[in-house]
Amino acid sequence: MLLSVVLFLPLVFAAILALWPQKSTIRHLALGFSLIEFLASLAILRNFDANSAALQMVEQYAWVPRFGISYFIGIDGISLMLIMLTTFLTPIIILGSWTSIADRVKGFHVALFVLQTAMMGSFLAMDAVLFYVFWELSLVPMYFIVGIWGGARRIYATIKFFIYTMAGSVLMLLAIIFLMRLTPEVTGGSISASLLDFYKLQIPFVAGEFFTAQTLLFFAFALAFAIKVPLFPLHTWLPDAHVEAPTPGSVVLAGVMLKMGTFCYLRWVIPLFPEAAEHFAWFFVALGVIGIVYGALVAMVQPDVKKLVAYSSVSHMGYVILGIFVMNQYGVNGALYQMLNHGISTGALFLLIGMIYERTHSRMIAKYGGLASALPVFTIMFIIVTMSSIAVPLTNGFIGEFLILMGSFQYSPMAAGISVLGVILGAAYMLWMVKRVFFGPKGEIVTHAEEDKEHALHDLSVREWVVMTPLIILIFWMGIFPNHFMDYSKKSVDHLISNKHNYTLEVK
Amino acid sequence: MPETNILTTIGLEHYLVLSAVLFSMGMAGVLLRRNLIVLLMSIELMLNAVNISFVAFSKFNNNIEGQIMVFFVMTIAAAEAAVGLALAVSIFKRFKEVNIRFFEHLKG
Amino acid sequence: MTDAILFWFLALVTVCAGLSVILMSNPIYSALSLAMTMVGVSALFVTLGAYFIAGVQLIVYAGAVMVLFVMVLMLFDLKHEIQAFTRGKITGAIKIASVGILAGLVVGAITLGTKAIEAAKATEAVAGKTYDNNTMSLAQNLFLQNVFGFEALGVLLLVIAVGTVALSRSRGGTHARD
Amino acid sequence: MSHQALIAILLLSPFVGFLLNGLRYRSQNYVLAGSIATGAVFVSFICSVMLMMDLIAAPADQRRLTANFFEWIAVGGFKVNAGFVVDQISSIMILIITGVGSLIHLFSIGYMHHDKGVTKYFAYLNLFVFNMLILVLGDSLLTMFVGWEGVGLCSYLLIGFWFSDAAKAAAGMKAFITNRVGDAAFIIGMFILFFSFGTLNMYELNALAPTTVEASWLGAATLGTLMLFIGATGKSAQVPLYVWLPDAMAGPTPVSALIHAATMVTAGVYMIVRLNPMFVAAPNTMMIVAIVGAITAVMAATIGLTQYDIKKILAYSTVSQLGYMFLAVGVGAFGAGMMHLMTHAFFKALMFLGSGSVIHAMEGEQDTRLMGGLKKYLPITHFTFLMGWLAIIGFPLFSGFFSKDEILWQSFASPRGSVFLWVAGAIGATLTAFYMTRLMALTFWGKSRVPKEVHPHESPVIMTIPLIVLAILSVVGGFIGVPHLIGEYLGHIPNYWAEWLAPVIKTLPEAAAPHTATQEWALMTTSVTLALISAFVAYRIYTSGKGTNEAIAKAFGPVYNVVNNKYFVDEAYFGGIINPLVKQSQNLWMYIDVNFIDKTTHVISDMTKGAGSLARSFQTGNMQQYAMYIGLGVVVVLTFVLMR
């Protein structure tokens, strides 16, 4: 019951907000609701048994019995942390958008809560059709968030985002239907959309032939998720979407939505198509490595801070894909950890960029310079988050990146050798940006702000402190005590790695 | 089967052919005329043509259902004429003309 | 023999009237020709023994509907003549051709089809069922078997009445910009 | 107090200092900030001394105090603890770090008192000490790496401390990124060692090190240590990654003393000494280490000859001296390397602080061409600097003499040494004597070239005390490691240093060729004589005012030009790697992202749109046309039905 409550609470909140008559209290109400939701998710964390790889808190009710479709949700170590990440980021996003979202406040918060349900739904769903519904549902609020509250080219960006993702999921829908048609083999005659039944399927695989069932299904799923991740060369929607999205939109997008793609590799692709995944692992490892280096190189020459961070996301998500497809304990644990890291550090970066954008209305690196003397606290925060992003030890980023590199070294020393370039280039693009924005002589914006008393730059407000503090704490907490977080997922990951060829999840 | 004179023995097909001819004429009217009212008239013509075949089938197949259907068709036709004419009146009020080209806003 | 003469005469009248509906450039003449067609069709119904339908045809069509048409035409008081036929030679040709081919096909289908029906009748001899072709049996069928359809039509007519009033009260045009 | 608690206090004291100063970063109360920071490091120093005494009290084979605080990472077979070890090697390091560190903190109070960001400065400095302690105490390569990157971060922050100057901010960035290049290799090195030996704990690694020497270049130990050494070239400013260190002089001078002379840059040497059994098993790596060290020693020394910025001269000198240390560890003289690390920490910190005192006196001027004759204005600074000078040129019985002489001797006598290495070392020593004398002459001796508006004055006591203490250490520091030969001559002074380190140093498996005491005496005399002669020549040239830039440039022509431009290494990196990389990235973005991937997407979307507008052309809005399509449709269907 708890899972359903956590899953649908945001939807209820959205409905309440939609009907709420008072405009002035919408934000406060939304913040309160998101905190309630976070507390509710903490209850999941409390009741979760970290010593078991089983699917826990399972709920299953028939939905469309004729086709074996059911409302079937459950949580395991792999999805737990992502649920926590979602519920943790939402209050921060609401607080972070306190002033930046000025019009249609109600609509924005309704969209945000619907999005929250959709994202959590795709992490929790254990039924293919239910999953598909949530997966597609998550597009709609995001479409509106970018399309209504976005920047100048928002329509282009939002349509690009929508169609890219949609194109991938169409193939996935086909594959789901195909899998459902196969299920009578294992259920004894009736069609089923349950993921657990899918896991039992032995889909024929012939190495070296492309047009076999498993290979085609594998690519159908993998493509849908690769677009979401986004994996090179399907990444070009991301920079556009990030640049045009409002700050909270970017945070959700980078923080949680991208993880839907990588999470689904662990939940769907590898357990369902283990042979194909192993056979084509090299391909995805290669794409991941290319993504790491390519994203970093392109990030280096971006003139727009937000675009730079967007490309850094491509690079970071390349690490995640690399970690997943090397398919060993180090890689997968690291990838899972890196998902959380990226959610926190890139989310924090986008929030910080949003704060500075609110003050100066510019994101062009060239116009900045010397910001550190005007905004010292902001600068320190930014540097801390930068350190997390470039994986300096004792910040969260290091643990994930190190484990992924270690896993990839075990898979292929060459892959590790190339992707370690990302460590160097990551430092290069981030620090170069920091240098141009914060250091050096005062740039156009700072001098302008100093002359103009009305637009004087002021350092972090109390609200912004409250927004950033939990993120900063987590950056160090996750970097110094990774076991506090990793212990929840280790069992599930071990189970996945060691049993991928006949993967099942015990139901508890 | 004995040879029947096509001119003297009137059978089902006579009525059907007549119906077909009337229908085609109505259709030609719909396709070619530009006056909205005439267009509506042509539609009435087509409906009547269909009615003839209904009644003819009813007679030659010994089934009263055909006439029931004619009854329904007539009602629909009356209703359609009423709506069509109301639309024509609206169009006329605006453009002072009832040319079919004012209905081209459906262009995609 | 009289049947045949009557049929051919009525057919001739109906077709001629129909042709003049679509060929007359003045819509008033078209309307009058349509009335003539209605009367012809009504007479054809009589030849087929459908007396009630023939009466209804006269009352509803030739009476009510045609009066409606003529009244609307009078209401419009068309000042300038509308070009009778659509422009565009190629589309016109295609249209005429398609109509012609359609007519030909339908007639062909009829001749083929009725032969098949005759053949079926000859083999099966279905005509056993008695058939009371009178108004009472029509009414029985209508109010017993098809009473739902009848009532539905009533509702439809009501809706149409309301819709028509609403439409004619509107300020006009399909894209009312003002 | 248990040694766990001592280690905890040792580590956390600077961190607490960092927090205290960091949270009140706006304050300009330099006395309070300085006291907190200095006190924090001094507490650590006391802890270090206590730990050292514990170690000395313990029997020789049990000199290892460990503290395991918690399990840091545990994934599968990979487990790393937040574990710290004080043993013979790290105890020396923590003494240097906290001891020299305290003195430099003290000096900073005087040096930085006028700076607006003084509290922030002390916070960073404390953070650096904290990270440096993690680096040296960490019991596994990964914990060492934490400190390794952490000190890089602090170095970045401190070099760019005066960030509003674009060049200084750029220097910080350059330092961090160059270090990152090394760190990337370090990471790979860790992987190689982990997957070959199954652990990253350095004691376990040392125990598991192959007992037979690896002849192959592709052995796990060889590749792993080679990668770690590349990491060390980054951190310890060796060829080819030394370029950041001279630029790092952009930071405040005490920072240069602490980070870029005494502690951080020696981390690479420390790492190799720490892992000496593994390096001993990989002679190929050691050969590379020795060669790189020798090349660096000579190359940096030559560049040092042409510099005029007082700090730049010292920076190149540091690079050169670090080269000596690598030369030492490369030939297997780990003890000598450590010894030089320590003496260098003393005399180089002294000289940097001395230069800080000079710069302070000159109101920020760093160009030696505008100095000269400062001896009479800055007597204490001059005297202490003089001690440092004597130490670095290896004047007999000064600390530098013992360590440098031992290195030179070992580079010749060790089974992994060679005469070429000795020659390189001797040339380096000669050059060192030359440019250090030149520095002395330009700064303190000769005629004053000080501009009239500048009035040099001796620094306050708070700055001179550290100078005096370091000067004393520079003079006597060598006596704890007197080489056997000289020790006998001086009255049987035992080599405490070698005895102390012996249990953790693995001796080379190759048998040393027999060498006689005469050989050793001869080589020692040769190198010392060469150094003294070159120092005398430099003294004559530069005090007489003949040593102008133009004169030397004329004398040496293009050679001077090349050396003066630092062999164009920076230019080569920028022209050969960095600029093309940025340019190609621009191309990647423009051609692959924008013009290829996006274009392809747009072409696909345009195709869809085109199909749409094709279909749209049927939707003319003309109802009669629609009716015609219906008619045509019926015709087609009927035709199909009838033709069947």
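We just call them A, B, C and D in the order they show up, numbering each chain from 1.
In this text, a residue touches a chain if its C-beta (ideal position, glycine included) is under 8 Å from a C-beta of that chain, and two chains touch if they have at least 3 such contacts.
This is a predicted model, so every value here is computed, not measured.
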| item | value |
| --- | --- |
| A-D against C-D, pair bridged by the larger set of C-beta contacts | A-D |
| Chain A-chain D separation of Cα centroids, rounded to whole Å | 38 |
| Inter-chain centre distance, chain C versus chain D - centres from mean C-alpha coordinates, in Å | 101 |
| Between chain B and chain D, centroid-to-centroid distance (C-alpha), Å | 97 |
| Intercentroid distance (Cα basis), chain C paired with chain A, Å | 66 |
| Multi-chain contact sites of chain B, meaning residues that touch two or more partners | 27, 31-32, 100, 103, 105 |
| In chain A, residues with contacts to at least two other chains | none |
| Residue numbers of chain C (touch at least two other chains) | 86, 95, 98-99, 102, 106 |
| Chain pairs that touch, as defined at the top of this document | A-D, B-C, B-D, C-D |
| Residues of chain D touching chain A in the complex | 25-26, 70-76, 78, 142, 145-146, 148-150, 153, 156-157, 160, 163-166, 169-170, 172-173, 176-177, 180-181, 183-184, 187-188, 191-192, 194-195, 581-582, 584-586, 588-589, 592-593, 597-598, 601, 605 |
| Footprint of chain D on chain C - complex, ascending | 86, 91, 94-95, 98-99, 101-102, 105-106, 108-109, 112 |
| Touching residues on chain C, where the partner in the complex is chain B | 1, 3-4, 7-8, 11, 14-15, 18-19, 21-22, 27, 30-31, 34, 37-38, 41, 44-45, 48-50, 52-53, 56-57, 60-61, 64-65, 68-69, 72-73, 75-76, 78-80, 82-86, 92, 95-96, 98-100, 102-103, 106-107, 110-111, 114, 117-118, 122, 127, 129-133, 137-138, 141-142, 145-146, 149, 153, 156-157, 160-161, 163-164, 167-168, 170-176 |
| Touching residues on chain D, where the partner in the complex is chain C | 624-625, 628, 631-632, 634-635, 638-639, 642 |
| Sites on chain B touched by chain D in the complex | 27, 30-32, 100-101, 103-108 |
